[in-house]
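Encoded as C-alpha coordinates, here's the structure I'll be asking about.
A, B, C and D label the chains in the order they appear, each numbered from 1.
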Amino acid sequence: MKHLGAQLAALGPGHAEIHVPFRMEVTQQHNYFHAGVSGAIADSACGYAAYTLMPADSSVLTVEYKLNLLAPADGEKLMARARVLRSGKTLKICAADIYVEKSGAEIHCATMLATIMCLPGKSDRPG
Amino acid sequence: MKHLGAQLAALGPGHAEIHVPFRMEVTQQHNYFHAGVSGAIADSACGYAAYTLMPADSSVLTVEYKLNLLAPADGEKLMARARVLRSGKTLKICAADIYVEKSGAEIHCATMLATIMCLPGKSDRPG
Amino acid sequence: MKHLGAQLAALGPGHAEIHVPFRMEVTQQHNYFHAGVSGAIADSACGYAAYTLMPADSSVLTVEYKLNLLAPADGEKLMARARVLRSGKTLKICAADIYVEKSGAEIHCATMLATIMCLPGKSDRPG
Amino acid sequence: MKHLGAQLAALGPGHAEIHVPFRMEVTQQHNYFHAGVSGAIADSACGYAAYTLMPADSSVLTVEYKLNLLAPADGEKLMARARVLRSGKTLKICAADIYVEKSGAEIHCATMLATIMCLPGKSDRPG
(Lines give C-alpha, C1' and ligand atoms only; values in the text may rest on other atoms or scores of the structure.)
Protein backbone atom coordinates (compact mmCIF):
# COMPACT_ATOMS: atom_id res chain seq x y z
CA MET A 1 0.00 0.00 0.00
CA LYS A 2 2.84 2.37 0.86
CA HIS A 3 4.36 1.90 -2.60
CA LEU A 4 1.05 2.93 -4.13
CA GLY A 5 0.90 6.10 -2.02
CA ALA A 6 -2.35 4.80 -0.51
CA GLN A 7 -3.95 6.53 2.47
CA LEU A 8 -6.64 5.30 4.86
CA ALA A 9 -9.11 8.17 4.44
CA ALA A 10 -11.97 6.90 6.62
CA LEU A 11 -12.54 4.04 9.05
CA GLY A 12 -15.55 3.13 11.19
CA PRO A 13 -17.52 0.09 12.32
CA GLY A 14 -17.97 -2.04 9.21
CA HIS A 15 -16.60 0.44 6.69
CA ALA A 16 -13.30 1.83 5.40
CA GLU A 17 -12.09 4.11 2.61
CA ILE A 18 -8.69 4.22 0.91
CA HIS A 19 -7.41 6.96 -1.41
CA VAL A 20 -4.57 6.99 -3.92
CA PRO A 21 -3.53 10.30 -5.47
CA PHE A 22 -2.39 10.31 -9.10
CA ARG A 23 1.24 9.40 -9.65
CA MET A 24 2.91 8.09 -12.77
CA GLU A 25 3.93 4.90 -10.93
CA VAL A 26 0.32 3.73 -10.52
CA THR A 27 -0.85 4.34 -14.07
CA GLN A 28 -0.73 2.39 -17.31
CA GLN A 29 0.15 3.49 -20.84
CA HIS A 30 -2.70 6.04 -21.14
CA ASN A 31 -2.12 7.70 -17.77
CA TYR A 32 -5.19 6.08 -16.25
CA PHE A 33 -4.90 4.34 -12.91
CA HIS A 34 -3.96 0.71 -13.51
CA ALA A 35 -6.70 -1.85 -12.86
CA GLY A 36 -4.32 -3.67 -10.53
CA VAL A 37 -4.32 -0.60 -8.29
CA SER A 38 -8.13 -0.60 -8.14
CA GLY A 39 -8.04 -4.26 -7.17
CA ALA A 40 -5.35 -3.79 -4.54
CA ILE A 41 -6.90 -0.83 -2.74
CA ALA A 42 -10.42 -2.28 -2.86
CA ASP A 43 -9.11 -5.52 -1.36
CA SER A 44 -7.30 -3.54 1.35
CA ALA A 45 -10.37 -1.42 2.09
CA CYS A 46 -12.43 -4.61 2.50
CA GLY A 47 -9.81 -5.99 4.86
CA TYR A 48 -9.87 -2.82 7.00
CA ALA A 49 -13.68 -2.70 7.03
CA ALA A 50 -13.79 -6.34 8.14
CA TYR A 51 -11.12 -5.78 10.78
CA THR A 52 -13.22 -3.13 12.53
CA LEU A 53 -15.69 -5.91 13.45
CA MET A 54 -13.11 -8.41 14.72
CA PRO A 55 -11.54 -8.95 18.17
CA ALA A 56 -8.42 -6.87 18.71
CA ASP A 57 -5.91 -9.72 18.45
CA SER A 58 -7.30 -11.03 15.16
CA SER A 59 -5.63 -10.87 11.84
CA VAL A 60 -7.23 -10.53 8.46
CA LEU A 61 -6.92 -12.87 5.48
CA THR A 62 -8.46 -12.31 2.05
CA VAL A 63 -10.06 -15.57 0.93
CA GLU A 64 -11.21 -14.36 -2.48
CA TYR A 65 -12.57 -11.39 -4.38
CA LYS A 66 -14.26 -10.56 -7.65
CA LEU A 67 -13.70 -7.28 -9.40
CA ASN A 68 -15.83 -5.83 -12.20
CA LEU A 69 -14.29 -2.94 -14.11
CA LEU A 70 -16.92 -0.38 -15.12
CA ALA A 71 -15.09 2.58 -16.64
CA PRO A 72 -11.53 3.78 -17.25
CA ALA A 73 -9.99 5.16 -14.03
CA ASP A 74 -9.15 8.49 -15.58
CA GLY A 75 -8.69 11.21 -12.95
CA GLU A 76 -6.68 12.77 -10.15
CA LYS A 77 -7.58 10.49 -7.25
CA LEU A 78 -8.69 6.89 -6.90
CA MET A 79 -10.98 6.02 -3.97
CA ALA A 80 -12.13 2.63 -2.69
CA ARG A 81 -15.09 2.55 -0.28
CA ALA A 82 -15.73 -0.76 1.43
CA ARG A 83 -18.50 -1.98 3.71
CA VAL A 84 -19.26 -5.26 5.46
CA LEU A 85 -22.45 -6.86 4.10
CA ARG A 86 -22.47 -9.81 6.47
CA SER A 87 -20.39 -10.17 9.61
CA GLY A 88 -20.06 -13.79 10.65
CA LYS A 89 -17.73 -14.90 13.40
CA THR A 90 -15.19 -16.38 10.98
CA LEU A 91 -16.06 -14.74 7.66
CA LYS A 92 -16.92 -11.18 6.73
CA ILE A 93 -18.54 -10.68 3.32
CA CYS A 94 -17.65 -7.21 2.01
CA ALA A 95 -18.47 -4.99 -0.95
CA ALA A 96 -16.33 -2.15 -2.25
CA ASP A 97 -16.96 0.51 -4.86
CA ILE A 98 -14.09 2.25 -6.57
CA TYR A 99 -14.45 5.82 -7.82
CA VAL A 100 -12.10 8.13 -9.63
CA GLU A 101 -12.29 11.86 -9.01
CA LYS A 102 -11.91 14.02 -12.11
CA SER A 103 -12.44 17.78 -12.11
CA GLY A 104 -14.54 17.53 -8.98
CA ALA A 105 -16.85 14.77 -10.24
CA GLU A 106 -16.80 11.14 -9.13
CA ILE A 107 -16.91 8.34 -11.72
CA HIS A 108 -17.83 4.82 -10.59
CA CYS A 109 -15.03 2.81 -12.19
CA ALA A 110 -15.11 -0.61 -10.50
CA THR A 111 -16.95 -2.75 -7.96
CA MET A 112 -15.82 -5.66 -5.79
CA LEU A 113 -17.30 -8.47 -3.72
CA ALA A 114 -14.84 -10.03 -1.26
CA THR A 115 -14.72 -12.75 1.39
CA ILE A 116 -12.45 -11.90 4.32
CA MET A 117 -11.45 -14.37 7.03
CA CYS A 118 -10.84 -13.59 10.68
CA LEU A 119 -7.86 -15.47 12.12
CA PRO A 120 -8.25 -15.28 15.90
CA GLY A 121 -5.20 -14.79 18.07
CA LYS A 122 -2.78 -14.87 15.17
CA SER A 123 -1.93 -11.24 14.95
CA ASP A 124 1.45 -11.99 13.40
CA ARG A 125 0.07 -13.98 10.47
CA PRO A 126 0.33 -12.60 6.95
CA GLY A 127 -2.62 -10.57 5.74
CA MET B 1 3.96 -4.32 -14.90
CA LYS B 2 7.34 -2.65 -15.28
CA HIS B 3 7.16 -1.33 -11.71
CA LEU B 4 6.59 -4.87 -10.48
CA GLY B 5 9.62 -6.18 -12.36
CA ALA B 6 7.30 -8.48 -14.30
CA GLN B 7 8.56 -10.43 -17.31
CA LEU B 8 6.62 -12.21 -20.05
CA ALA B 9 8.18 -15.66 -19.70
CA ALA B 10 6.10 -17.57 -22.26
CA LEU B 11 3.55 -16.75 -24.95
CA GLY B 12 1.73 -18.95 -27.45
CA PRO B 13 -1.70 -19.41 -29.03
CA GLY B 14 -4.14 -19.17 -26.13
CA HIS B 15 -1.62 -19.12 -23.32
CA ALA B 16 0.84 -16.79 -21.57
CA GLU B 17 3.07 -16.83 -18.52
CA ILE B 18 4.38 -13.90 -16.45
CA HIS B 19 7.11 -14.03 -13.81
CA VAL B 20 8.01 -11.63 -11.01
CA PRO B 21 11.27 -12.15 -9.11
CA PHE B 22 11.34 -11.39 -5.40
CA ARG B 23 11.91 -7.75 -4.52
CA MET B 24 11.05 -5.90 -1.33
CA GLU B 25 8.78 -3.56 -3.28
CA VAL B 26 6.30 -6.32 -4.16
CA THR B 27 5.99 -7.89 -0.73
CA GLN B 28 3.91 -7.21 2.37
CA GLN B 29 4.87 -7.12 6.03
CA HIS B 30 5.98 -10.76 6.19
CA ASN B 31 8.11 -10.68 3.06
CA TYR B 32 5.58 -12.70 1.08
CA PHE B 33 4.48 -11.48 -2.33
CA HIS B 34 1.51 -9.15 -1.88
CA ALA B 35 -1.85 -10.56 -3.01
CA GLY B 36 -2.29 -7.48 -5.20
CA VAL B 37 0.75 -8.58 -7.20
CA SER B 38 -0.77 -12.03 -7.76
CA GLY B 39 -3.96 -10.39 -8.98
CA ALA B 40 -2.16 -7.93 -11.25
CA ILE B 41 0.11 -10.44 -13.01
CA ALA B 42 -2.64 -13.06 -13.36
CA ASP B 43 -4.88 -10.42 -14.94
CA SER B 44 -2.07 -9.40 -17.30
CA ALA B 45 -1.29 -13.01 -18.22
CA CYS B 46 -4.98 -13.54 -19.06
CA GLY B 47 -4.91 -10.43 -21.23
CA TYR B 48 -1.82 -11.64 -23.12
CA ALA B 49 -3.25 -15.15 -23.56
CA ALA B 50 -6.49 -13.67 -24.93
CA TYR B 51 -4.61 -11.28 -27.21
CA THR B 52 -2.86 -14.17 -28.99
CA LEU B 53 -6.28 -15.19 -30.37
CA MET B 54 -7.36 -11.73 -31.54
CA PRO B 55 -6.85 -9.83 -34.81
CA ALA B 56 -3.63 -7.82 -34.87
CA ASP B 57 -5.23 -4.39 -34.53
CA SER B 58 -7.35 -5.34 -31.51
CA SER B 59 -6.89 -4.12 -28.02
CA VAL B 60 -7.61 -5.96 -24.80
CA LEU B 61 -9.93 -4.91 -21.99
CA THR B 62 -10.42 -6.78 -18.73
CA VAL B 63 -14.15 -6.96 -18.03
CA GLU B 64 -13.90 -8.75 -14.68
CA TYR B 65 -11.97 -11.33 -12.76
CA LYS B 66 -12.25 -13.44 -9.62
CA LEU B 67 -9.22 -14.43 -7.59
CA ASN B 68 -9.08 -17.16 -4.94
CA LEU B 69 -6.04 -17.09 -2.69
CA LEU B 70 -4.91 -20.61 -1.78
CA ALA B 71 -1.64 -20.27 0.14
CA PRO B 72 0.82 -17.57 1.21
CA ALA B 73 3.05 -16.51 -1.70
CA ASP B 74 6.25 -17.23 0.16
CA GLY B 75 9.17 -17.76 -2.21
CA GLU B 76 11.73 -16.37 -4.64
CA LYS B 77 9.62 -16.05 -7.77
CA LEU B 78 5.92 -15.55 -8.49
CA MET B 79 4.54 -17.05 -11.72
CA ALA B 80 1.13 -16.62 -13.37
CA ARG B 81 0.14 -19.10 -16.10
CA ALA B 82 -2.95 -18.21 -18.09
CA ARG B 83 -4.92 -20.05 -20.76
CA VAL B 84 -8.01 -19.28 -22.80
CA LEU B 85 -10.90 -21.61 -21.91
CA ARG B 86 -13.34 -20.21 -24.46
CA SER B 87 -12.47 -17.96 -27.38
CA GLY B 88 -15.51 -16.09 -28.62
CA LYS B 89 -15.27 -13.32 -31.17
CA THR B 90 -15.86 -10.58 -28.60
CA LEU B 91 -15.09 -12.28 -25.30
CA LYS B 92 -12.31 -14.61 -24.21
CA ILE B 93 -12.87 -16.53 -20.96
CA CYS B 94 -9.52 -17.23 -19.33
CA ALA B 95 -8.15 -19.11 -16.33
CA ALA B 96 -4.86 -18.43 -14.61
CA ASP B 97 -2.99 -20.28 -11.89
CA ILE B 98 -0.42 -18.53 -9.76
CA TYR B 99 2.53 -20.41 -8.31
CA VAL B 100 5.39 -19.36 -6.08
CA GLU B 101 8.76 -21.03 -6.46
CA LYS B 102 10.52 -21.81 -3.20
CA SER B 103 13.73 -23.83 -2.97
CA GLY B 104 12.99 -25.41 -6.33
CA ALA B 105 9.40 -26.46 -5.52
CA GLU B 106 6.26 -24.82 -6.89
CA ILE B 107 3.42 -23.95 -4.52
CA HIS B 108 -0.03 -23.25 -6.00
CA CYS B 109 -0.91 -20.00 -4.26
CA ALA B 110 -3.86 -18.53 -6.19
CA THR B 111 -6.28 -19.14 -9.05
CA MET B 112 -8.22 -16.76 -11.29
CA LEU B 113 -11.15 -16.79 -13.71
CA ALA B 114 -11.30 -13.74 -15.99
CA THR B 115 -13.42 -12.32 -18.78
CA ILE B 116 -11.41 -10.42 -21.40
CA MET B 117 -12.95 -8.30 -24.15
CA CYS B 118 -11.60 -7.80 -27.64
CA LEU B 119 -11.93 -4.22 -28.88
CA PRO B 120 -11.50 -4.38 -32.65
CA GLY B 121 -9.58 -1.67 -34.44
CA LYS B 122 -8.97 0.35 -31.30
CA SER B 123 -5.34 -0.39 -30.76
CA ASP B 124 -4.82 2.87 -28.88
CA ARG B 125 -7.53 2.23 -26.32
CA PRO B 126 -6.57 1.65 -22.68
CA GLY B 127 -6.10 -1.95 -21.65
CA MET C 1 -38.40 -19.88 -14.14
CA LYS C 2 -41.92 -21.27 -14.54
CA HIS C 3 -40.95 -24.44 -12.70
CA LEU C 4 -39.76 -22.33 -9.79
CA GLY C 5 -43.07 -20.43 -9.64
CA ALA C 6 -41.11 -17.22 -10.32
CA GLN C 7 -42.91 -13.96 -11.10
CA LEU C 8 -41.58 -10.75 -12.59
CA ALA C 9 -42.69 -8.35 -9.84
CA ALA C 10 -41.16 -5.11 -11.15
CA LEU C 11 -39.46 -3.93 -14.34
CA GLY C 12 -38.16 -0.51 -15.35
CA PRO C 13 -35.20 1.10 -17.14
CA GLY C 14 -32.13 -0.63 -15.72
CA HIS C 15 -33.86 -2.59 -12.97
CA ALA C 16 -35.99 -5.70 -12.43
CA GLU C 17 -37.36 -7.71 -9.54
CA ILE C 18 -38.35 -11.38 -9.42
CA HIS C 19 -40.32 -13.12 -6.64
CA VAL C 20 -40.68 -16.77 -5.76
CA PRO C 21 -43.28 -17.78 -3.17
CA PHE C 22 -42.48 -20.63 -0.81
CA ARG C 23 -43.16 -24.10 -2.19
CA MET C 24 -41.67 -27.41 -1.12
CA GLU C 25 -40.18 -27.91 -4.60
CA VAL C 26 -37.77 -24.98 -4.22
CA THR C 27 -36.46 -25.78 -0.76
CA GLN C 28 -33.74 -28.01 0.64
CA GLN C 29 -33.75 -30.39 3.59
CA HIS C 30 -34.47 -27.69 6.20
CA ASN C 31 -37.31 -26.03 4.31
CA TYR C 32 -35.19 -23.03 3.41
CA PHE C 33 -35.09 -21.84 -0.18
CA HIS C 34 -32.32 -23.69 -2.00
CA ALA C 35 -29.24 -21.61 -2.86
CA GLY C 36 -29.65 -22.70 -6.47
CA VAL C 37 -32.97 -20.87 -6.55
CA SER C 38 -31.35 -17.67 -5.29
CA GLY C 39 -28.72 -17.97 -8.01
CA ALA C 40 -31.26 -18.69 -10.74
CA ILE C 41 -33.66 -15.84 -9.97
CA ALA C 42 -30.86 -13.32 -9.38
CA ASP C 43 -29.35 -14.27 -12.74
CA SER C 44 -32.75 -13.89 -14.41
CA ALA C 45 -33.40 -10.55 -12.73
CA CYS C 46 -30.02 -9.29 -13.98
CA GLY C 47 -30.92 -10.46 -17.48
CA TYR C 48 -34.26 -8.63 -17.39
CA ALA C 49 -32.68 -5.46 -15.98
CA ALA C 50 -30.04 -5.53 -18.72
CA TYR C 51 -32.64 -6.20 -21.42
CA THR C 52 -34.52 -2.98 -20.57
CA LEU C 53 -31.49 -1.05 -21.85
CA MET C 54 -31.06 -2.98 -25.12
CA PRO C 55 -32.54 -2.54 -28.60
CA ALA C 56 -35.84 -4.39 -29.04
CA ASP C 57 -34.50 -7.15 -31.28
CA SER C 58 -31.60 -8.04 -28.96
CA SER C 59 -31.29 -11.16 -26.94
CA VAL C 60 -29.62 -11.59 -23.58
CA LEU C 61 -26.77 -13.92 -22.68
CA THR C 62 -25.30 -14.37 -19.20
CA VAL C 63 -21.50 -14.33 -19.50
CA GLU C 64 -20.75 -14.96 -15.82
CA TYR C 65 -21.89 -14.23 -12.32
CA LYS C 66 -20.64 -14.43 -8.75
CA LEU C 67 -22.95 -15.13 -5.86
CA ASN C 68 -22.18 -14.59 -2.17
CA LEU C 69 -24.54 -16.27 0.26
CA LEU C 70 -25.10 -14.13 3.35
CA ALA C 71 -27.80 -15.83 5.44
CA PRO C 72 -30.15 -18.83 5.24
CA ALA C 73 -33.11 -18.11 2.96
CA ASP C 74 -35.65 -18.94 5.63
CA GLY C 75 -39.04 -17.34 4.90
CA GLU C 76 -42.24 -17.18 2.87
CA LYS C 77 -41.02 -15.36 -0.23
CA LEU C 78 -37.68 -15.02 -2.02
CA MET C 79 -37.04 -11.75 -3.90
CA ALA C 80 -34.20 -10.81 -6.27
CA ARG C 81 -33.72 -7.11 -7.08
CA ALA C 82 -31.32 -6.35 -9.92
CA ARG C 83 -29.95 -3.11 -11.32
CA VAL C 84 -27.54 -2.22 -14.12
CA LEU C 85 -24.34 -0.65 -12.78
CA ARG C 86 -22.78 -0.01 -16.16
CA SER C 87 -24.53 -0.10 -19.50
CA GLY C 88 -22.09 -0.57 -22.34
CA LYS C 89 -23.21 -1.25 -25.89
CA THR C 90 -22.22 -4.92 -25.74
CA LEU C 91 -21.97 -5.64 -22.02
CA LYS C 92 -24.18 -4.69 -19.08
CA ILE C 93 -22.63 -5.08 -15.62
CA CYS C 94 -25.39 -5.81 -13.11
CA ALA C 95 -25.78 -6.25 -9.36
CA ALA C 96 -28.58 -8.11 -7.63
CA ASP C 97 -29.54 -8.44 -3.99
CA ILE C 98 -31.62 -11.35 -2.78
CA TYR C 99 -33.93 -10.99 0.20
CA VAL C 100 -36.21 -13.41 1.97
CA GLU C 101 -39.42 -12.15 3.56
CA LYS C 102 -40.22 -13.67 6.93
CA SER C 103 -43.07 -12.47 9.14
CA GLY C 104 -43.08 -9.13 7.37
CA ALA C 105 -39.32 -8.48 7.70
CA GLU C 106 -36.78 -8.67 4.87
CA ILE C 107 -33.52 -10.54 5.41
CA HIS C 108 -30.62 -9.91 3.01
CA CYS C 109 -29.63 -13.47 2.14
CA ALA C 110 -27.40 -13.21 -0.96
CA THR C 111 -25.76 -10.78 -3.37
CA MET C 112 -24.65 -11.15 -6.98
CA LEU C 113 -22.43 -9.41 -9.53
CA ALA C 114 -23.14 -10.42 -13.14
CA THR C 115 -21.92 -9.68 -16.65
CA ILE C 116 -24.70 -9.79 -19.26
CA MET C 117 -24.09 -9.68 -23.01
CA CYS C 118 -26.34 -8.08 -25.61
CA LEU C 119 -26.64 -10.14 -28.79
CA PRO C 120 -27.99 -7.77 -31.43
CA GLY C 121 -30.55 -9.02 -33.90
CA LYS C 122 -30.51 -12.56 -32.62
CA SER C 123 -33.81 -12.63 -30.84
CA ASP C 124 -34.10 -16.39 -31.30
CA ARG C 125 -30.80 -17.23 -29.64
CA PRO C 126 -30.75 -19.04 -26.31
CA GLY C 127 -30.68 -16.89 -23.21
CA MET D 1 -31.19 -31.95 -6.46
CA LYS D 2 -33.94 -34.58 -6.52
CA HIS D 3 -36.23 -32.26 -8.47
CA LEU D 4 -33.50 -31.88 -11.11
CA GLY D 5 -33.11 -35.65 -11.45
CA ALA D 6 -29.47 -35.25 -10.36
CA GLN D 7 -27.33 -38.29 -9.55
CA LEU D 8 -24.03 -38.52 -7.70
CA ALA D 9 -22.01 -40.33 -10.39
CA ALA D 10 -18.59 -40.37 -8.68
CA LEU D 11 -17.16 -39.53 -5.27
CA GLY D 12 -13.64 -39.83 -3.88
CA PRO D 13 -11.19 -37.94 -1.68
CA GLY D 14 -11.37 -34.34 -2.86
CA HIS D 15 -13.54 -34.91 -5.92
CA ALA D 16 -17.16 -35.51 -6.90
CA GLU D 17 -19.24 -35.74 -10.06
CA ILE D 18 -22.96 -35.11 -10.55
CA HIS D 19 -25.03 -35.98 -13.63
CA VAL D 20 -28.39 -34.73 -14.80
CA PRO D 21 -30.10 -36.51 -17.71
CA PHE D 22 -32.09 -34.42 -20.17
CA ARG D 23 -35.67 -33.68 -19.11
CA MET D 24 -37.95 -30.90 -20.27
CA GLU D 25 -38.17 -29.57 -16.69
CA VAL D 26 -34.51 -28.58 -16.59
CA THR D 27 -34.32 -26.83 -19.95
CA GLN D 28 -35.07 -23.33 -21.20
CA GLN D 29 -36.90 -22.16 -24.29
CA HIS D 30 -34.47 -23.73 -26.78
CA ASN D 31 -34.32 -27.14 -25.09
CA TYR D 32 -30.83 -26.51 -23.75
CA PHE D 33 -30.12 -27.17 -20.09
CA HIS D 34 -30.87 -24.02 -18.11
CA ALA D 35 -27.82 -22.13 -16.78
CA GLY D 36 -29.36 -22.31 -13.33
CA VAL D 37 -29.07 -26.10 -13.47
CA SER D 38 -25.36 -25.86 -14.33
CA GLY D 39 -24.87 -23.54 -11.36
CA ALA D 40 -26.84 -25.74 -8.97
CA ILE D 41 -25.15 -29.04 -9.79
CA ALA D 42 -21.67 -27.51 -9.92
CA ASP D 43 -22.27 -25.97 -6.48
CA SER D 44 -23.50 -29.33 -5.17
CA ALA D 45 -20.55 -31.20 -6.67
CA CYS D 46 -18.17 -28.73 -4.98
CA GLY D 47 -19.98 -29.31 -1.68
CA TYR D 48 -19.65 -33.09 -1.99
CA ALA D 49 -15.98 -32.87 -3.01
CA ALA D 50 -15.27 -30.63 0.00
CA TYR D 51 -17.23 -32.91 2.33
CA THR D 52 -14.99 -35.88 1.52
CA LEU D 53 -12.14 -34.01 3.26
CA MET D 54 -14.08 -33.03 6.40
CA PRO D 55 -14.65 -34.81 9.73
CA ALA D 56 -17.71 -37.08 9.68
CA ASP D 57 -19.93 -34.88 11.83
CA SER D 58 -19.31 -31.73 9.80
CA SER D 59 -21.79 -30.00 7.59
CA VAL D 60 -21.14 -28.08 4.43
CA LEU D 61 -22.00 -24.46 3.67
CA THR D 62 -21.43 -22.70 0.35
CA VAL D 63 -19.88 -19.30 1.06
CA GLU D 64 -19.74 -18.10 -2.54
CA TYR D 65 -19.17 -19.19 -6.10
CA LYS D 66 -18.46 -17.73 -9.51
CA LEU D 67 -19.73 -19.33 -12.67
CA ASN D 68 -18.51 -18.60 -16.20
CA LEU D 69 -20.73 -19.86 -18.99
CA LEU D 70 -18.67 -21.05 -21.97
CA ALA D 71 -21.09 -22.65 -24.45
CA PRO D 72 -24.79 -23.55 -24.72
CA ALA D 73 -25.58 -26.71 -22.73
CA ASP D 74 -27.08 -28.48 -25.71
CA GLY D 75 -27.09 -32.26 -25.24
CA GLU D 76 -28.48 -35.36 -23.55
CA LYS D 77 -26.66 -35.23 -20.21
CA LEU D 78 -25.17 -32.49 -18.06
CA MET D 79 -22.16 -33.37 -15.91
CA ALA D 80 -20.40 -31.36 -13.17
CA ARG D 81 -16.95 -32.50 -12.06
CA ALA D 82 -15.59 -30.84 -8.93
CA ARG D 83 -12.26 -31.03 -7.17
CA VAL D 84 -10.76 -29.41 -4.08
CA LEU D 85 -7.91 -27.05 -4.93
CA ARG D 86 -7.04 -26.13 -1.37
CA SER D 87 -8.21 -27.93 1.74
CA GLY D 88 -7.94 -25.71 4.78
CA LYS D 89 -9.40 -26.70 8.13
CA THR D 90 -12.32 -24.28 7.84
CA LEU D 91 -12.47 -23.49 4.12
CA LYS D 92 -12.18 -25.69 1.05
CA ILE D 93 -11.54 -23.89 -2.25
CA CYS D 94 -13.04 -25.91 -5.09
CA ALA D 95 -13.19 -25.82 -8.88
CA ALA D 96 -15.82 -27.47 -11.03
CA ASP D 97 -16.12 -27.94 -14.76
CA ILE D 98 -19.47 -28.55 -16.40
CA TYR D 99 -19.75 -30.60 -19.58
CA VAL D 100 -22.69 -31.53 -21.74
CA GLU D 101 -22.68 -34.86 -23.57
CA LYS D 102 -24.01 -34.73 -27.11
CA SER D 103 -23.86 -37.65 -29.53
CA GLY D 104 -21.00 -39.17 -27.54
CA ALA D 105 -18.86 -36.01 -27.41
CA GLU D 106 -18.31 -33.81 -24.37
CA ILE D 107 -18.60 -30.04 -24.66
CA HIS D 108 -17.13 -27.84 -21.93
CA CYS D 109 -20.05 -25.52 -21.21
CA ALA D 110 -19.24 -23.83 -17.88
CA THR D 111 -16.62 -23.50 -15.13
CA MET D 112 -16.91 -22.59 -11.46
CA LEU D 113 -14.71 -21.50 -8.56
CA ALA D 114 -16.31 -21.96 -5.15
CA THR D 115 -15.53 -21.41 -1.47
CA ILE D 116 -17.04 -24.05 0.81
CA MET D 117 -17.10 -23.82 4.59
CA CYS D 118 -16.83 -26.70 7.04
CA LEU D 119 -19.16 -26.33 10.03
CA PRO D 120 -17.86 -28.73 12.67
CA GLY D 121 -20.27 -30.71 14.78
CA LYS D 122 -23.35 -29.11 13.26
CA SER D 123 -24.55 -31.95 11.12
CA ASP D 124 -28.13 -30.68 11.28
CA ARG D 125 -27.34 -27.23 9.96
CA PRO D 126 -28.60 -26.21 6.52
CA GLY D 127 -26.23 -26.79 3.65
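Here, a residue touches a chain if its C-beta (ideal position, glycine included) is under 8 Å from a C-beta of that chain, and two chains touch if they have at least 3 such contacts.
Bear in mind the structure is a predicted one, so any value in this text is a computation, not a measurement.
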B-D or B-C - the one linked by more C-beta pairs in contact: B-D
Numbering shared by both copies at the chain D-chain C contact, with half separating same from different: same
Separation of mean Cα positions, chain C and chain B [Å, integer]: 31
Gap in Å, rounded to a whole number, between the CA centres of chain D and chain C: 20
Between chain D and chain B, distance of the C-alpha-averaged centres to the nearest whole Å: 27
In chain B, residues with contacts to at least two other chains: 63-64, 66, 68, 93, 113, 115
Complex contact set, residues of chain D against chain A: 63-64, 66, 90-91, 93, 113, 115, 117
Residues of chain B that touch chain D when the two form their complex: 66, 68, 70-71, 85-86, 93, 95, 108, 111, 113, 115
Chain D residues within the chain C interface of the complex: 3, 25, 28-30, 32, 34-36, 39-40, 43-44, 61-69, 72, 126-127
